[in-house]
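You will see chain A twice below: alongside chain B first, and alongside chain C after that.
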Partner chain A sequence: MSRPDRREASQLRALNCSLGQLNRADGSTQFSAGNTSVVSGVYGPVEAKVYEEKLDRAVVEVKFRADIGAPTTKDKWVESAVRSTFEREILAHLHPRTLVQIVIQLREGDGSVDSAAINATTLALVDAGIPLKCMITAATCAVLFDDTTVVDPTQEEIDAARSTHTFAFASGSNDRGPLYVDSRGEFTMDEYSHCYDMCTLATERVLAFMRTAIEGKVTKEAKIGAA
Partner chain B sequence: MGETGQVTFAMQTFERIHPVEFQRRFLSQSTRHSGREFMQFRTLQIIKGAISTAQGSATVRLGNTTVVCGIKAEVCEPDVKRPTSGYLTTNVELSPMCSARFRPGAPSDEAQVASEHIHRLSTHLIDLTHLCIESGRAAWSLSADIVCLKHDGNVLDAAVIALVAALEDLQLPRAEFDSATGMVSAERTMCSGVEVKKRLFPATFTLVDDVYVVADADDAEEQMATASLLVVINGDGKLVNVWKRGSGVISKETIEQCVQAARVRMVEIAKAIE
Partner chain C sequence: MADIKIVLPGDIIDTHRKEDTEQPESNAEDSASVIRLGPGLLQASEAVSAVTAGVLHSNSETNRWWVAGNKRRYVAAVGEPVVGVVVARHGEGYRVDIGSAHDALLPHLAFEGATKRNKPNLAVGTVVYGRVVVANSVMDPEIECYNSNTGKSEGYGELSEGFMFKCSLGLARRLIDTKAPVLAALGNGVPFEVAVGVNGRVWVNAENVETTILVANAIRNSEYLDAKQCRQMVKELLEKQ
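For the complex of A and B:
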């Protein structure tokens, strides 16, 4: 069966990103996959509030705002997912008693929002120059009712899916295991494994995309520096 | 005082001043401070219908963790987009009563995330169209309040089990819609239950100190956790949710083993609910 937007089952939507668009943030990224678009801004290391500062490391705080409506517990859920994924991949002990604040604004949600938020945050952290252990990339898969598995589903596909699976991996350690997993719906262990493999491949492609984006930015800056 | 330069103290003192080292001593010997094995869950006790003022309720004890779920039913107008559906809202309350870690005031992030996650799971439990009284005019709105009384780790498992048990205990009065007056009359003497589509059986596994995977961690173990994995299986034996959080890495094979262990646990939970 062909997909509504004529993509192959394992094909991601067109990825797009631009780094450093926000001039007041220490680092920022506008990341989009098809119609799903997310802006992530990073402020840090900045002074932490006395009651939340940690003596031996930086505190990581994540704020997620949806595109429309008042904040709900759904936003809190995404915040907790992103925070738990990044908390220990940021080399927080290099900046004790400080705060790294990550603000994610959803611009348009057309499926696979959680993984877009994670991907945007990785790029924003790199743009801010926050030391990281590794690059974190995420991808989403959906198993449809006709048993086909599709990568990077749109909202239309998610609404018609039997289960959806989001995985995040740390670069270079895919074989060690996932950093973040959220599989929901009704599925078997085989379907889960299949989605795991498909998302592993998809995250590798996202990582290659990120690498090009960062290389582009670095060469541009080097040119400006030389001139 | 023992030998020169060596200090000895009672086990309780050691636990207080070096909680992490205390746990490590047990874990490195392939055992746990509670005497359980790594993959052993605590005993589960379920009491249905504990609150007489609620339409459905259940108390769940998982070792020292206690949660109570009460379901209150009210009549309201259905959503315009879904005229034949009622509502099921879930709320998890982690008050200062259950643990010193929680402060009074607005719900903590942990409580909000738990509420949201249980809400997502609750869509598998009942068919909301069964809550319809009159299409487009009146439907039942169920609010399930899950209150934690004692927090000794793994509240999420206890909360899911409590919600399932409370829904099974639920008795709704027979309601009739009078189109002339637009009023709903309920007959309290004629009650009937709401069918629970498929039960949910949760099992949580925790990666402690980046090395040891333990089932059903208690509060002391959760404090050292670097990752946690929730596996939820439904009555058909199909997976409903696999949710791994935290940056400790749990390998693909270990996740598969945990799913197997969750299937074993499923039988235990089913026995306790009956």
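For the complex of A and C:
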């Protein structure tokens, strides 16, 4: 079974990112996997509105904007997915009474949008210097009708899939289990475990990619600082 | 420069020094073996892990560890010089926007020679240069425009005329150094005044508006330039003038 874009089953699409593209945001990232492309902007810690501020921690607010059309329930779902994933991993107690606002703009959606949104947001938070417990990386798997499992599916593959699974993991501690799971469709427990393992491997590759991207930026700045 | 160590959030830092392993166990309580963690590092149970991305630095004599990274949003820290804008005035003092999550307080009496009868009257929109004296996560920051130990202004106070602009915190920290290549190169060409706040705000003033704009542009351009490129860029700007 070959995939429409001739990838291996466990092969991710080409990853690309650039940090700090938005000059008015405190941190931002343009992240793309193949044709799926998102921009994530982070503002914070900024002053929270009186009615939403928490006395003991920062409030995390996520806004997801689709590439076209009015906000839909699906967009709200991605918002809540990103918020629930990051809320516990941001060290919010270090900045009480403040707001960390994450704005995700979808540029082009070609499958695996939720994992791209999570990956972009991790990089944007790192770019903004928001204290994080760990790096968070996500990957999506799809189980097709012929029982093959493919990583990082395109929209075409998702439309033809029996079930899709998105997992987000914290760096350095897979024993903690996934931070976020989203499984849709009909699947068996074995298929779920297989997707879990495939996504674990995929997120490791995403993490290596993120590390390279951040190291590039930090090295560039450190060299100038030392010169 | 060859072996800089870059850390990412969640990376565990090995803070054990080589000589520590040779020392007997009884020295563990020694003050020298106390590890002091600076920005970007946090202790979680036994391990020390990074919480921000940047270059890991350590001082083996004092056993201090910190992570240096660039940011755009200021978080106030005691003793740091900041440039701010007065946004409101009330009974005890002014509210000053220093770019952090909350506005800083600037008491009426926190100026050189200020008394209850005689204190500076700052309008909303005035740019001030001050030093952070109170900074913690639960209180609003507080700044002062004099050294409360000596009672002298030491350069702090109202910044009249001139022009203020924003830059990244990393650039601001580099500009604090008087040997910063862009400032040195500019200083050789034109006379100007500069006040650098580590909150990513820089105020400049020169004898005329054109020069002020030139200086501001040169500093903003220097974000990603090394010393040699800075000198070249300043030279080109000065020639154009």
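By definition in this document, the second predicted complex is superposed on the first by the 225 of 227 C-alpha atoms of A that agree within 3 Å, B and C clash if a C-alpha of one lies under 4 Å from a C-alpha of the other, contacts with A are read in each partner's own complex, and residues count from 1 in each chain.
The rule is simple: a contact is a pair of C-beta atoms (placed from the backbone, for glycine too) under 8 Å apart; a residue touches a chain by one contact, two chains touch by 3 or more.
This structure is a prediction, so every number in the text was calculated from the model and none was measured.
Look at A:L179: by the touch rule set out above, it reaches chain B but stays clear of chain C. In the superposition on chain A, contact of A:V126 is made with chain C only, not with chain B.
Contacts of A:S80 after superposition: chain B is touched, whereas chain C is not reached.
Put chain B and chain C next to each other and count what each touches on chain A; the higher total goes to C.
Touch criterion not met for A:I68: it reaches neither chain B nor chain C.
Of the two partner chains placed by the overlay, neither chain B nor chain C lies in contact with A:V50. In the superposition on chain A, chain A positions 170, 173 are in contact with chain B in one complex as well as with chain C in the other. Those residues of chain A whose C-beta lies close enough to touch chain B in the complex are 73-74, 76-77, 79-81, 84-89, 170, 173, 176-189, 192-193, 196.
Across the interface of their complex, chain C is touched by residues 25-27, 43-47, 91, 94-99, 126, 128-135, 170-173, 210-211, 214-215, 218-227 of chain A. Touching chain A in their complex are the following residues of chain C: 1, 4, 6, 8-12, 40, 42, 44, 49, 51-55, 68-73, 75, 101-103, 137-138, 170, 174, 181, 224-227. Across the interface of their complex, chain A is touched by residues 109, 112-113, 115-117, 119-120, 124, 226, 229, 234, 238-252, 254-256, 259 of chain B.
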